[in-house]
Structure formats: structure tokens, C-alpha cells
Amino acid sequence: MQSIDVRLSDLAEKFGCELIGENICVAGVASLSSAAHSDLVFLNNEKFIDQLIHSKAKAVIAKSNEKLPLDRSYLICRDPVLLFALIADYFNPRPLSQASIHPTAVIASDAVIAPDVEVGPHVTIETGVILSSGVQIKAGCFIGANSVIGANSILMPRVVVYSDSMVGERCVIHSGCVIGSDGFGNAWARDHWVRIPQLGRAIIENDVEIGANTTIDRGALDDTVIGSGARLDNLIQIAHNVKIGSNTAIAACTGIAGSAEIGANCLIGGGALIAGHLKIADKVTILAGSAVPSSLSEAGVYASGVPVVPHGTWLKNMVHFRKLDELAKKVKHIEKMQVAQQTTQGESSDTN
Amino acid sequence: MQSIDVRLSDLAEKFGCELIGENICVAGVASLSSAAHSDLVFLNNEKFIDQLIHSKAKAVIAKSNEKLPLDRSYLICRDPVLLFALIADYFNPRPLSQASIHPTAVIASDAVIAPDVEVGPHVTIETGVILSSGVQIKAGCFIGANSVIGANSILMPRVVVYSDSMVGERCVIHSGCVIGSDGFGNAWARDHWVRIPQLGRAIIENDVEIGANTTIDRGALDDTVIGSGARLDNLIQIAHNVKIGSNTAIAACTGIAGSAEIGANCLIGGGALIAGHLKIADKVTILAGSAVPSSLSEAGVYASGVPVVPHGTWLKNMVHFRKLDELAKKVKHIEKMQVAQQTTQGESSDTN
Amino acid sequence: MQSIDVRLSDLAEKFGCELIGENICVAGVASLSSAAHSDLVFLNNEKFIDQLIHSKAKAVIAKSNEKLPLDRSYLICRDPVLLFALIADYFNPRPLSQASIHPTAVIASDAVIAPDVEVGPHVTIETGVILSSGVQIKAGCFIGANSVIGANSILMPRVVVYSDSMVGERCVIHSGCVIGSDGFGNAWARDHWVRIPQLGRAIIENDVEIGANTTIDRGALDDTVIGSGARLDNLIQIAHNVKIGSNTAIAACTGIAGSAEIGANCLIGGGALIAGHLKIADKVTILAGSAVPSSLSEAGVYASGVPVVPHGTWLKNMVHFRKLDELAKKVKHIEKMQVAQQTTQGESSDTN
């Protein structure tokens, strides 16, 4: 990462924001605490003003410069996080393909590989694979027969793509991901399981990013599809025939069972469990640790995670939780008795 | 997958089912929606009849042809999913070993490798390993010293098998699996952890299938054992000394802690957590997202997953959940008071 | 593992414990059930005395020999598990570096590699990497540009370390781990996600052990840090900017969200979910399956996992759980009525 010096006025023009203060140069982005004089930082929340005061950074992205130190320069915008992301990417773009095939890579003679593709050491590329322009296949990846990787996609080291998979353009797939492995399909035959061959494909549309060690199974008969622009974190399980809508973001450790259809623009928190054969509407937010056993047809925020309490409290609560039905029945009975008493008492009072 | 044309009467004879309708040829299997004219489909549920009417498929596996379109041919059987699995496998058998050792594989000179074994590119096979007849070790796998892979087992790309592990016959292990890694054994020494060497083995019996990125630790002193015919999905954690009974099926994202013994023919839903040092009986079903803290000695269905509700409802519920014990005590107190009142009221009424 | 015969008196001297009984030789350690005559076993709990009686082992580590068979020799100590760990490690030390670079490894010409380093087959080591003395990089690992691996650390087969990561001394990282992959950083731009470049590092301090297929993201701007002596089990997700304190042990399948700070000497059970941007104090224990949505400032034991019940019970309980707020309101109403009744009744009684 060699540093390039850029004037704030140039950034303001390029990214459509307002410069307030001295038109200094910046050489990169940083956090408030780690910034050097030449770094650009962002302030998204007033509670960090104190950190800003102690930061070495001279240039700050913020919503406004009200109440902020006068000795800094500001790039003012509606969404500091977004502007910071765009400028951070400007200073630190993803590296381009080195347009070279490492001699240790094992590549089927009939694979179609664009001239500017990068293939790293110890990669295996099987028959019929297509690697489009600008693709980067890093060390140790495996691309199974007849799979297609779209233009400018990057597979980080040790990604496995099973046969017949489709990865779109500008995707990034992190290390250890397995794309297109067999779905969990078994039929019970009196005393043993018979596998149901998994004949569908795994299709990753354009602009998808997938975290480390996430697994995406191929479809059973039809396809598993990750919609364009989706973001998947690490260690996520996507079962066969799942459809994930465009721009849906899913945090780590989430499991989505077979044939679930998740809408577009959903936010799914970490460690969520989503059952199979259900539909989740667009713009649904599911908080971390929640379990979704059936369809959610309305946009909105849903939750079921259970927060920790001290162990002693938990033990006492659990006694009653395990027999919540009994407690509810007791309350119902008490209500009935109370009504009866009121009546009796009313009568009793009447007789006075 | 070149297509082979097969008469329905031949399938009926081979798989012991009844043909109703014209004895046409089929070339493969498909889903109702994606089927071509030459595909065989299955119907397991009357709610899909409409899809069948619109399907191009001419041949259908079903329990009966009652109420079903007259212009199709039917293979009638008791269990359409099972018959479909068997016929799908007939059309799409697992590929056989290519009986070739890739020149990039690094193989210890004393490894015992049957003549018809397939070893892919960039594989490492250490000293003392035995690969039995028909074994397929796909690209990038690692087989540690003295491990044994039984006849006709398939290790998909980038599986790691640590030393001294045993994999049975006809197993399939998907990409990214780690078999025989160290269990989580640590002893506390006042101010730091001391590792407890993990000296047992990981033993995978015959006909086991294991999904992508699942981890199975070796035993601490004795062995970890996955029983014959078991089915494990993706991203499952099996800790040291766990025993999984025959034909037990475990869905993705489940974690099983050390020394747990799971019976045979169990069904364990996704994202389950099973504590260590417990026993689960045969034929136990544990629904997705459940936590099992102690032994289950009776066959049956168990659950503890908590389903989502709208966030507002959840917030209100959680207030009370955190002090469920208080609520229960309140109810108990009310009950007592009610009894007391009844008595008083009774007396009061008596005095009238 | 060739066996070495050691006198119990030598072990007693070396590890500071007391020998009671005959000063025999032992050749290794084992479990009670699998021990041969020459094995040393341990007894941590009186409930296993019966197993000891039937064990072939002649030498036993125990807290005292009271009530124990007279025909065995004992090493008496305060903490049998710890002594067993130390002696097991003495008999089964981690193998040392073989001080050899496999010819199939692809190593950048400017990587700095100590003379006694072991690099296995199919390893890739990029520019600027430093491998310190005694390091073992097993088959198929990838070490990204400018990463540093400290002295005597071991990376098991197929570990991926992204660029600019730091691994301390005497660490062990198991197969399939991904260290330093991009954190899950995305900014929403009206109709699509913009990635937030992940510019921090992943830092693993000294004496850390990390289980198979665990993922540790690099920091967004600052660093992700796993403190010295920490123990991480398999399939754990550590998000960007997380700090894990020294000697904290985390069981499998746990997810820790971005910027969480976990104290030192914590114990975190399996399948826990810890939210981002919170602080957990030192010496906090979180039981398996718990969710931590906010900071825990006091040492102690916390829980929220929900244990299984038979499915029928669960269904009935869930009806009420989903409307726990209603139940609580009902109880409040009943209480009020009861007080009102008491008053009325009191008055009513008074009028008698």
C-alpha cells in the first residue's frame, strides 16, 4: 500500500460532499485512535467527540462541524459511514489480477481462461471451466468441471467450487468457502439412508461477497441461488434450493435450511436459524440468535434470542419455563375463581 | 452426464413398483418445474398436483394415480421419495475412481495404495497411510500418517484427515472437512492452560456421509466414533470421544460436546447444541435449534427452539421472561390469598 | 510414538507429587478402560473407582489413595487432571520441526525463513513473510504477504493466514482455520452495499491454540487481537476488532460479533453468541448456548440456553411464551382485583 496524497477539495468534488476548513492533503484513512496527521477519519456519533479531540487526524468526515474542533478540516455529508467506505475504497482498491498463471496450477486443457486471468499456486481447474476476464483464483483453489467464474471475481486462497456452479461478476469469495457441495438429501429405506443425488447447481449472482468457511450447497433438482449484491459473513450454511434475494446481508454462524426463500434487502443477524420450505418477505430484519420456523410475510423486525442473566436467576426461571403451560392454567383457574368469588361476594353483600 | 433412455417397465421391474399408463422411455429425473418431456418426476403431496398439470414431464412417481392427469404414465409405489432417490441414483451414480495418481501428489514411499485408487492434484499422503480399493482422494486433500481409508470411499477436494484416523468403506466426505483434529482438552495450571495431548483416534465407520466444513475431533484417550450409515450435514462440530450411533442423521450447524453418546437412528435438527458426557437413546428426534443439557433416555421428539415474534412483542415478553420466577411466585401468592379469602368469605357468609 | 519407560519415582520428582506404592515403570498414559499394564491412568472422581478396579493399569494419578485398590501404585497430587496433562505431554510432546522445506512449496524469494523451519508440500508463502525459528507450516497452508509467524508455532495442514497477520510464539492453529480474512464491513448506498475496506490486522499473541475451521477476521481499521494463552475450539467466528483476553477459553460453534471485548480468564461455552460493541469483564463464565446482547461488568456465571422438553410440552409452553406479556398483565390485573375484593370483603365483613 504505497500512499497517495490527495487534496480534500478533490475528494469533495469526486464524492459530492462539502469541504469546510483548510484544503489539506490526506494520504489514507484510519480510526480516530490510530490516525496519523495525514489520515482521514470519520465521526458518526457525538459520543466520539472526545476521541476526535485526542486524535492526530487533521481531516474528518462528519454530518456537520457543529461543536467539533475548529483546528480540523471537515468533509460534510449526510452519511459519514458511506462516504468513509467510498473514500477508504478509493485509497485501498481491491488489487487487480496479475494476469499470470502459476506453473504449479493444474488446469484442464479445455478450460477457457481469459488472457488477463490470475491463477495462483497449487490451483486445480477441471474440464470445461470458464474463467472470465480479470478473474483472480488465489492459491490452492479448486474449480470443478464446467463451473463458470464471471468477470473480475476474486476467489481467495483455498476456496472450493464444485462442478457446474456459476459465480457472477465482481464477486469476492473468502478462504475456505465451499460452493456447490451436495445438499443434505436422504431417503429412508427401512434400515438405512439412500442418498438423493444432488443434481441442481449453486448460482452466485453478480457483486456477491461471501465470508470465510461459509458453505453453499448445490440444489437437489433445481438451483440454489444467492441474489446479486448479497453479503454473506463467515461460517454460514446455505442448504440446497435456498434462494437469497438481492442485497440481503447475513451475519456469521447463521444456518438456512433447504428450499427457504429469503427476500431482497433483508438483514439477518448472526447465529440465526431459518427453517426450510418457508418464505421471508423483502426488508425483513431478523435479530441475532433468532429462530424462524415459518414464513414471515410482512417486512419488519423480528426476534427470539434469549439474553443471558446470572446463572442463579436462570436456574429459577427455567423451573417455571419448563412448565409455563401449568403456570398459565393456574392463572386461568385463579381468574375463574375470582369471578366466581365476586359473584358470590356480590350475592353475599346483597343479602346483607 | 450422458443420457440413457430407459423404459418405465424396466424401472418398474428393477425397483419393484407398478406401471400405470403408457410404457414410455425416460432419460433422467427432474423437478416438476424444470422437467423436460423425457424426465421422470415425483409427486409426494397432493398440493403439488397443479404443478404436475403444468409440468412437461410425461412420467411420474406417485403413491397412486387417483385424481392425477390421465395423459401421464405412473410408477406407483408406497414411498415416492425413496423410489425417486433410487432411480435418481440409477441415472446419476457416483463417478468411479479414475484409477490414476496425479503427478503433483506427494505420497510417502511406504503408503499402501490399491492399484485402482484415484489421487488428485496437490494431494499429500503421509507415511503408513492405507488407501483401499476404489478410493478417490480428490485435489488438495491431506491424509496424515497411518490413517486408513476404506474401499470405495470418496474424499472431495481439500479434506484433511489427521494421523491415525480410520475411514470406513463407501464413505463420502465433502470439501473442507477436518477429521481427527485435536480435541479441546486443557487443564488449568493456576495462571495458564496446559494442553491435554489428544491420543485417541477419529473412526468413521462404513457408509457414512459428511458435509462440507464439518469437524470431527480425535478422541482424548479413547476414540471418537461415527457409526455406520450416519449422515452428517455441513458445519457440524463433533468433539472428542463422541459416539454417534448407526444411521443417525444430523443437520447443519449442530455442535456435539465431548464424550456425548448419541444413539442409533436419531434425527437431530440444524443448529442443535448437545452437551458433553450425556447419553441420548436410539430413535430420539431433536428439533432444530434445541439445546440438550442432559441425557434423554426415552425415544421421542424433543424441542426447545424459540420461534421469532415481532420485535415489539419480544421486548415486552423478555421483560417478564427475565423475571419469570417472580411472576410464578406472584401467582403462588395470589392462589394462597384466594384460598384465604374463600375461607374468610365462607365464614363471613356463614355468619349471615 | 516409540514408548519410553519411566520410573514413577522419576515422575514424582519431576512433577512434584508423592509416590505411594511400588516404584514401577510406566510407558505411557491411557484411559481406565483402554490401559495396558504399563500405562499410567488418572482418577478424578470416586464414581470411576469401579472402572479402576477393572482397569489393567498398575499406576494411577489420584488425589489420595483412600478407598482405592491396594495393588496399584499411586502418584498423589492436588489436581489429577493437571498432573495427567503434564505427564501425558511428557510422554507425547508435540513433534519438533523437521527443518526441511518441501520442494513443492512456493515461497517468495524475499520471505525470511529461519534455518530450522519446516515447510510442507503445496504450501504457498508470499512476499515479506517471516517464519521464525522452529516454525512448522504443514501441507497446503497459505501465508499471505508480510505476515509473521512466531517461534515454534505450528500451522496444521490447510491453514490460511491472510496478509499482514501476526501469529505469536508456540501457537498451534488447526486445519481449515482462516486468520485475517476481511471483516463483515458494509455501508448501505441507497440500493446496494459498498464494502468498507478492512485495513486492520489479525494478531494472535503467544501460546494461543485455535481449533479446526475457526475463522478470525482482520480488524476494520484497528486490529483483532487474540490474547496470549487463549484457547479457541473448532468452528468459532471471531469478527473484526474483537479483543479476546489472555487465557480465555472458548468452546466450539461460538460467534463473537465485531468490536466485542472479552476479558481475561473467561470461559465461554459452546454455541454462545456474543453481540458486538460490548465489554465482558475478566473471569466471566458464559454457559453453552447463551446469548450475550450487552456488556457484563461483573465476574460470575451467566446463562440463557433453553433446555429441551418433550415436543408436546414445548408446543403448549410456546403458546404462552409468545404472549408472556399478556400472562403477566393478567396476573397484575388479578392482583389488583384481589386487593379490591379484600377491601370490599373487609367492608362487607365490617358491616356484619
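Labels A, B and C are assigned to the chains in the order they are written; within every chain, residues are numbered from 1.
Going forward, a contact is a pair of C-beta atoms (placed from the backbone, for glycine too) under 8 Å apart; a residue touches a chain by one contact, two chains touch by 3 or more.
Quick caveat, the model's predicted, so the values are computed rather than measured.
J.: Edges wherever two chains touch, nodes for the chains themselves; is that graph a line, a ring, a star, complete, or other here?
T.: Graph shape, chains as nodes and touching pairs as edges: complete.
J.: Give me the C-alpha superposition rotation for subunit B onto subunit C, in degrees, nearest 5.
T.: In degrees, rounded to 5: 120.
J.: Have a look at where subunit A meets subunit C and say same if over half of the interface residue numbers show up on both copies, different if under half do.
T.: different
J.: If you average the CA atoms of subunit A and of subunit C, how far apart do the two points sit, in angstrom?
T.: Averaging C-alpha atoms per chain gives centres 25 Å apart.
J.: Residues of subunit C that touch two or more other chains: which are they?
T.: 104, 122, 140, 158, 176, 213, 235, 253, 305-307, 309, 321, 324, 327, 331, 334, 338, 341, 345, 348, 352 - these are the residues of subunit C that touch more than one other chain.
J.: Residue numbers of subunit C touching subunit A in their complex, please.
T.: 104, 106, 122, 124, 140, 142, 144, 158, 160, 162, 176, 178, 181-182, 184-189, 191-197, 199, 213, 215, 217, 220-222, 235, 237, 239, 253, 255, 257, 273, 275, 286-287, 290-294, 296, 300-307, 309, 313, 316-317, 319-321, 324, 327, 330-331, 334, 337-338, 341, 344-345, 348, 351-352
J.: For the complex, give me every residue of subunit C touching subunit B.
T.: Going through subunit C, the ones touching subunit B are 29-31, 33-34, 79, 81-82, 84-86, 88-89, 91-92, 102, 104, 120-122, 138-140, 156-158, 172, 174-176, 207, 209, 211-213, 229, 231, 233-235, 247, 249, 251-253, 270-271, 288-289, 305-311, 314-315, 318, 321-325, 327-328, 331, 334-335, 338, 341-342, 345, 348-349, 352.
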